[in-house]
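Chain lettering (A, B, C and D) follows the sequence in which the chains are written, and residue indices restart at 1 in each chain.
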Amino acid sequence: MPEFREKAETIFSRSTFVGDLGIRLRDAGPGWCESVLEIAPKHMQQDGYVHAGAQATIADHTAGGAAGTLAAEGDLVLTVEYKINFLRPALGERLLCRASVLRQGKTLHVAESEVYAERDGNRKLVAKAMVTLAIVPAASR
Amino acid sequence: MPEFREKAETIFSRSTFVGDLGIRLRDAGPGWCESVLEIAPKHMQQDGYVHAGAQATIADHTAGGAAGTLAAEGDLVLTVEYKINFLRPALGERLLCRASVLRQGKTLHVAESEVYAERDGNRKLVAKAMVTLAIVPAASR
Amino acid sequence: MPEFREKAETIFSRSTFVGDLGIRLRDAGPGWCESVLEIAPKHMQQDGYVHAGAQATIADHTAGGAAGTLAAEGDLVLTVEYKINFLRPALGERLLCRASVLRQGKTLHVAESEVYAERDGNRKLVAKAMVTLAIVPAASR
Amino acid sequence: MPEFREKAETIFSRSTFVGDLGIRLRDAGPGWCESVLEIAPKHMQQDGYVHAGAQATIADHTAGGAAGTLAAEGDLVLTVEYKINFLRPALGERLLCRASVLRQGKTLHVAESEVYAERDGNRKLVAKAMVTLAIVPAASR
C-alpha cells in the first residue's frame, strides 16, 4: 500500500532525533506502522539494557507513523501525551515496534504501540504504550 | 549536599544513552534532582520543536536521579512505567528538568518531573511526567 | 468568584454518578476546583481502604470542574484520558481533592488533581492524577 | 477452571464499592478475568453517557481480578497506578470488561483492560486501560 507507506515515511524522514537514534520505518498500512532499531552501545542505560528513553521514543514515534497514515496531505500529527509500561529488560540485537490506531477521531487519534526485543530469532514484548495524538490541519496553521 | 549529588551522578554518568543525547546533571538533594539539555539540531522532530522522545528521556532519567538519591549503595533504580503530557511546543536554547519524589516506598518510589524550555531567559513548562520506579536491592541480584 | 463556582457547580450537579457517590463541590476559581467526599462503608475495597475507583472518580471529576471554570457557556468538557498513581492507603473521615489546569488550549486542557485523605485533622496526599480534557463547543453539537 | 474463578471471586465479593456499583464477575482463568455492569441511571454523567469513573472502576477492578488469579492464597493485590483512554461515548445496556496480565513478576504485575459497551447486541470498544499492580504476600503483612 504505497500511499500509506509514503505518509509514514514523511514522518520518519523529517525527524532528525529519530534518524540520529537509528529508528527506521519497516512498513505501514491504513492505521498501522512498523519500525526497527538496531541496538548499539549508545542506546544503553547504566546496567546494559536499552534505555527506557529509546524504547519510549520508538513507541511514540511509531504511533505517530500509524496516525500519520490516516492524516490528510499536509496535516501535522502531534503527540499530546503517552504512557508506557516497561515489562521486561530489553536485551538483544534489535527492537521492533508495531503501532495501531485504536480510535480515529476528527481532531484526536489514540494508538497503542508494542515494542519487542529480538534476540537470536526470538521476540519478547518488552514495552507497551498508549499514545494520544492531535491532528493539526494544514489549513489551520 | 555532596552525598546526594554523588548518588545522582552515578545514575547520569553510567548511561551512554543519556550522555550521548547531552543530558547533564545540574544538582541533586534528598529526593530531588535537576538536569539540563542544551538543545541542538539533533533533538528536533519534523516541525522544528524538540522531539517528544528527548523531553520524555530527560523527564524519566531525572526522576531516576531523584529516586537514586534515596537509594542505598549499590541498589538499582529501574523505571517501571511513566506517563507524560506535552503541554506546549518546546522551543529555546535549553531544556531544564526538575524531578521530586512524591512517595518513597520500600520497593517502589513515585516521582514527578517538570520539563521547562528556556528561551531568552524565560522559562515555560513544556512537559510534565509521573514516573513509577522500582528499587532493586544490590543483595537480591 | 461566583461565576467560576457556578460553572463548576453545573458539572457537579448534573452527574448522577458523582452525586450518588457523595462527591460534592467545595469551591472553584479560574482554572481550579476543590471537592470533598465523606468516606462511608460503600466506598471501601476488600481490605478496608477507599477503593481506587472512588479516588480516581474524585480526581477525574474535579479536573473536569477545573477545566469547566474556563469553558464558555454551553461548552461540554469531556475526559479524553487520565492516569493516576495511588501513593498511600486512603484512610480517614474524608477525601479532599484540588485540581488545577496546567495548560489551557483551544480544544484541549490538561489538569492535575491531588487527592488527600483527612484523618483526625491531618491530611495526607494519597493519589495524584494528570487528566486530558476535550472542550466540545456548544455550536459544534 | 474453578480455582482461578474462585480467586477472582474473592476480589469481587469483598469490595463493597464495586458491589454497590453493580459490577459483577463473569468468568476468569489463569491471568485473565471478565466482568459485567448493567448500566443504570446512577452510572451517568451530566450528558447521558456512562461516567468515566464507572468505566475506570470496572477496568481497574477487573485487572485486579486477572492479577488475583495468579496470586497465592492470602496475597493482597493492590493497584499501584493506571492510565485509561476513553475512546468512544459509552452508551448501551451494559459494559463488558476483559482484562489480561501482560507481565507477571514477583512483586509487580502489569495488566491491560478493554471495556466494551453492548447495545442491541453490538459491542464497541469504549475504553482501554493499562494497570500496574503490586502483590503483597500474606506473610509480609
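Criterion: contacts are C-beta pairs under 8 Å (C-beta built on N, C-alpha and C of every residue); 3 or more make two chains touch, one makes a residue touch a chain.
Quantities reported herein were computed from a predicted structural model and do not represent experimental measurements.
Chain pairs C-D and A-C differ in how many C-beta pairs they share in contact, with the greater number at C-D. Greatest centre-to-centre distance from chain C is found for A, with centres as Cα means. Think of it this way: of B-C, B-D or A-B, only one pair shares over half of the A-D contact pairs by residue number, and it is B-C.
Distance between chain B and chain C, defined via averaged C-alpha coordinates, is recorded as 28 Å. Each chain gets a centre from the mean of its Cα atoms; for chain A and chain C, those two points are 32 Å apart.
For the pair chain C and chain D, the distance between C-alpha centroids works out to 21 Å. In chain A, 80-81, 83, 85, 110, 130, 132 are the positions where the chain touches two or more neighbouring chains simultaneously. Chain contact topology: the protein chains form a complete graph, every chain touching every other one.
Listed in rising order, the residues of chain B touching chain C in the complex are 83, 85, 87-88, 102-103, 110, 112, 125, 128, 130, 132.
Chain contact summary for the complex, chain B toward chain D: residues 80-81, 83, 107-108, 110, 130, 132, 134. Those residues of chain D that touch chain C in the shared complex are 10-11, 14-18, 20-21, 41-47, 50-54, 56-57, 60-61, 76, 78-86.
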